[in-house]
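Here come two complexes built around chain A, the first alongside chain B, the second alongside chain C.
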Partner chain A sequence: MNTTISMQSLINFFLAVVFAPLLIGLINRTKAWFAGRRGQPLFQLYYDLAKLARKGAVYSRTTGWLFRAGPAVGLAAAIVAAALVPFGGAPGLIRFDGDLVLFAYCFGLMRFLTVLGALDTGSSFEGMGASREVTFSALAEPAMFLALAALVRRTESLSLSGIYAGIDVEVWRTSPALLLLVIGTLVVVLLAENSRIPVDDPNTHLELTMIHEVMVLDHGGPDFGFILYGGAVKLWAMSALISGLIVPGHFGPWCGTLSGVLCMFVLAMVVGIIESVMARLRLLRVPQLLVGGAALSAVALMITLS
Partner chain B sequence: MSLLDDFHVKNGQKTGLSGIPTVRFDEFSRVVTESVRAGHRLVALFGMPRSAVSGIDSEPAEVLRLFAVLAHEAVGALHILGTGLFQATYPAITPACTQAHMFEREIAEQWGVVPEGHPWLKPVRFHMSHVPGRDAWGRTSRAEIAPGGCDFFRVEGEEVHEVAVGPVHAGIIEPGHFRFQCHGEQVLHLEIALGYQHRGVEPALVGGPDKRTIHYFQTLAGDTTVGHTLAYCEAVEALADCRVPARAHALRGIALELERLANHTGDLGALAGDVGYLPTASYCGRLRGDFLNMTALLCGSRFGRGLLQPGGVAFDVDDALVAELRRRLDLTLRDVEQATDLLWNTSSVRARFENTGHVPPEIAEALGLVGVAARACGLNRDVRHDFPSGIYRFAHIPVSTAETGDVFARSLVRWLEIQRSATFIREQLASLPSGPVSARCGGLAPNSVAVTLVEGWRGEICHVAITDGTGRFARYKIVDPSFHNWTGLAMAMRNQQISDFPLCNKSFNLSYCGFDL
Partner chain C sequence: MSVELILTVVVLTNLRLLGASRLGACIRTVGLQGLLLGLLPLATGGRLTTLHVVVLAVGSMVLKGFVFPRLLFWALREAHVTREVEPFIGYTGSLLIGGFMLGGAVWLGDRLVIGGTTDLSWVVAVAMFSILTGLFLIVARKRAIHQVLGFLVMENGIYIFGIGAIPGIPLLVELGLLLDIFVAVFVMGIAVYHINREFDHMETDKLDVLRG
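On to the complex of A and B.
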């Protein structure tokens, strides 16, 4: 494990932890703009988090410690993932060979505990949501690994920081198809893993159609705040994977970080636009989208093998 | 069958109670069954206690008098048939005539008589029988009755699970309980239990009309204020032989179509919202408000409360108001067109709407579906066309139908009706008859009956008013379109994805309180 920590990595991690909820605000404002509404304040999620932190939590008598552990462990896992991800040309706060597996399974752990917490409540809705979440993430996971495998192959590095250090303008010049295909996969995975349209609808109130939202219906107060905040950090970490490819950021530390943050904001707006111009997929069709996303990366991997 | 041919009435026509053909029950059952098989539709089937019946011969042993109202769309005629029950049980009509299933459950609940052989005899609204001491389920106290407290159809087996939704829902909607039998994501069966909003409107109307009566109709189903109030006014006017001025007819038609425009627009927006398509959802939400505001221009109430009254309407319009209405209608309709164009032109939306919640035409026919849900299955069924009353006798609105019977068809029918209602309103505003807007409406004829049908925005509203010897309501039967159509929603969900239920539900958009009465 490389233990030297650069100032830029620390600042990047700090930015991730602070600005993550802003991404959600940007998505919502973009959607509101498309719908002809003014929309909620940009910093609404911050206000919500502050409000939830002041509240007490209510626990169902049927739930046990698993239900309470979920939000805390989930948030911790998301923060670890944010520490692993390289940003703006600088390596991640933590890095070692094979950390990309840890990165992927941080989200796996987060999901595992959310699902257990949902099943702990014994509600039929939450059980349905859990089964959907597990089904779709089982398809999103290979897609993500195929994308990372293509990058590993191209840059011949086994850590996330190594991979992204190896992505530069030269790679864009020599194999743009590879990067575009990988970005395509990562966008699909980003939408699926962060419960955005077309896979899930974060705004719906209809329990029967929900995937992620329904699993956290029974959480309240600070626990729910942890979940919302953890979700925002997860969105940031996964978006950082994409922005690291789009803006390789070998422009020096400050320019790199700045362009990275700008790219993140643009990505959030793109997510908002995607959500505005299309309806949610029928649940039966979601696997097709995810397998299609995985296929893109499979092609990318084949390009690197040739 | 000749029994029906001999006697028929028009929509909104008064007839003497003694003139109604009354037959023995087996004959009654046979005629109802055979005429439904021959293309009639059971519009209403209801009971009336012997104590309330006056002006006709009835034997003291009679337990309950039953009336059936049958309609034939192609002929445009309504038939009323009566019979007496002499025991607290009778052989159910439902096994041979599916359209009677909910009516017979309702009769059992209201009057404590048991239709023997009814395949699924459950309470409808979970209230005590109107006849003290006689209950179809042998319940003796209010405490034994809880809404939703009844048997539900169950599917057992590997990977089969039950999902119960409601009565409290996540959105700001009315209460209703939905019980799904699922195999994974697939719905095998849906059963709907309502009655949470039962207020006892029908018994409260007995002895009327009085000052309170019209308010019951204005709030019977809050989004169908004009529809139900119109049916009530037409019933009272028929019984009082009141001639409504032409200008009032036109204004009533405008109000009814504005109600349709507002609700259909809101529904299209809500359908878009349910599939997560925000632009149309937001625009239509606003435009619905614009249509409601046009109703408010007419009478001061966005829902049209206080506009209609027996004899005519309470508010006249002047030229400036007509011009303003036409201006707003043009502007709003243009926006609705743009918002729905977005909907039809987005392939991901169409992919969600098409083949979701399909109701085969034979099922729609067997259940006697009405309104948008029926027309979406290709059934040519519209009161404004088949049994026109008021302004619709002079101004015809083409019936809008679709063929596929799915969510797409139901939204398409809404959009077609929006266009045709707007055309109708434009024509009416351009050629409003002059004269008064209200006529004096006197007392009601004694021992008479009037059936009124109105095509509310959801579908056929049926009111049957029966007066006693003093010209007071002895029985007032209300059939909201939702009464027919809730079962249609349950059938539409068969073999569908449970995640598509909210979308299917919204495409029917039925009334809970209109059903619960």
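On to the complex of A and C.
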């Protein structure tokens, strides 16, 4: 493990922790703008988090310690993932060979505990949501690993920071197809993992159609705040993977960070646009979308192999 | 670079064909593939004579990009078929098989040394993948329209192989090839229409049980 920490990595990490809820606000504002509404304030999630932090939590008598552990561990895992991801040309706060597996399974752990917490409540609706969440993520995971494998193969580096240091304008010039395919896969995975629209509707109010939201119905107060904040940090970390490919930051440290943050905001708006122009897919069609995403990165991997 | 980009989009159109559930979408995708292949000789153009390249590009783009889709849409409309594909093998399964076929094609592309170089491995891989996709579509789909589409995709694979891997095929041969495909698709389009009018469907698996 490399222990030298650059100033920029530290600042990037704090940016991730502080600005993550802003991404959700941007997505919601974009959707509102498309629908012709004024929409909620940009900082709405911050207000929500502050409100939830002041409340007390209510626990059902049927739940055990798993239910209480879920949100805290989930948030911790998301923050670790945010520390791993390189941003704006600078390496991540923590880096070692093979950290991309840890990155993927931070989200795995987060999901696993959310699912256990949902099953712990004994509610049939939450069990249904958990089953769906697990089904879709089982398909999203190979897609993400195939995409990362293509990048590993191209840059011949095994850590996320090494991979993103190896992506520069030269790679864009010689193999644009590879990068476009990988970006396509990562966008599909981003939408699926963060329960955005073609897969799951974050605003739905009907338990039968919910996937992610239904699992956290029984959480309240600070626990729910942890879940919301953890989700925002997860969105930031996964978007950082994409923005690192789009803006290969070799323009010096401050420019790199600035362009990275700008790219994240643009990505959030793109997610908002996707949510506005697309309807939610039928539940049976979602696996098809995810397998299609995996196929994109499989093609990318084949390009690097041939 | 641009050749790699075009070929990658061709691979994606093949995967789309494997995963698409609507006949219309399939026909449009094959049309798009035809247009892309028309661009291919322009992208690899360096070693061919200009007139040759232009005639081939324009000819195949017009034929594969516009005439064939028109013809097939006509057959579809006249035959009054429903728009579902009705596969023997499901869409997700087809996509997975497509992934394996792509892997096999890349493996083959690495092994096959043409003209003493291995620079063409991606071209050969895409050509092989198109041929395999075409064959798979022919066996794995019920509708007779899909047999035509599979045949076209397979021919596209052979075309990629010819353009990318073997320099200097005479213009006359390639034009003759285009004419052959045109006649084949024309005849098949009409055959589909007549099959449908005689038997009220065009599902090939039901044709087995016919007795003379």
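Following the convention adopted for this analysis, the second predicted complex is superposed on the first by the 306 of 306 C-alpha atoms of A that agree within 3 Å, B and C clash if a C-alpha of one lies under 4 Å from a C-alpha of the other, contacts with A are read in each partner's own complex, and residues count from 1 in each chain.
The working rule: contacts are C-beta pairs under 8 Å (C-beta built on N, C-alpha and C of every residue); 3 or more make two chains touch, one makes a residue touch a chain.
A quick note: this is a predicted structure, and the numbers were derived from the prediction, not measured.
**Q** First (chain B), second (chain C), both or neither: which does A:31 touch?
**A** The answer is first: A:31 touches chain B but not chain C.
**Q** Quick one: chain B or chain C, who's touching more of chain A?
**A** Tallying touched residues of chain A, the top partner is B.
**Q** Regarding the shared-chain residue A:175, is it in contact with chain B (first), chain C (second), both, or neither?
**A** second
**Q** Is A:7 in contact with chain B, with chain C, with both, or with neither (first, second, both, neither)?
**A** A:7 contacts neither chain B nor chain C.
**Q** Between chain B (first) and chain C (second), which, if any, makes contact with A:299: first, second, both or neither?
**A** Second partner only, chain C.
**Q** Of the partners chain B and chain C, which touch A:208 in the superposed model: first, second, both, neither?
**A** First partner only, chain B.
**Q** Flag every residue of chain A that touches chain B in the complex, lowest number first.
**A** Result: residues 31, 34-37, 124-125, 127-128, 132, 197-198, 201, 203-209, 275-285 of chain A touch chain B.
**Q** Under the touch definition given earlier, write down the residues of chain C that touch chain A in their complex.
**A** It comes out as residues 1, 4-5, 8-9, 11-12, 15, 19, 91-92, 95-96, 98-99, 102-103, 106, 109-110, 121-122, 125.
**Q** Considering only the defined contacts, which chain B positions touch chain A in the complex?
**A** Against chain A, the touching part of chain B is residues 161-165, 170-171, 185, 272, 274-279, 281-283, 286, 346, 348-349, 351-352, 356, 497-503.
**Q** Please name which positions on chain A make contact with chain C in the complex.
**A** 173-177, 181, 287-288, 291-292, 294-296, 298-299, 302-303, 305-306
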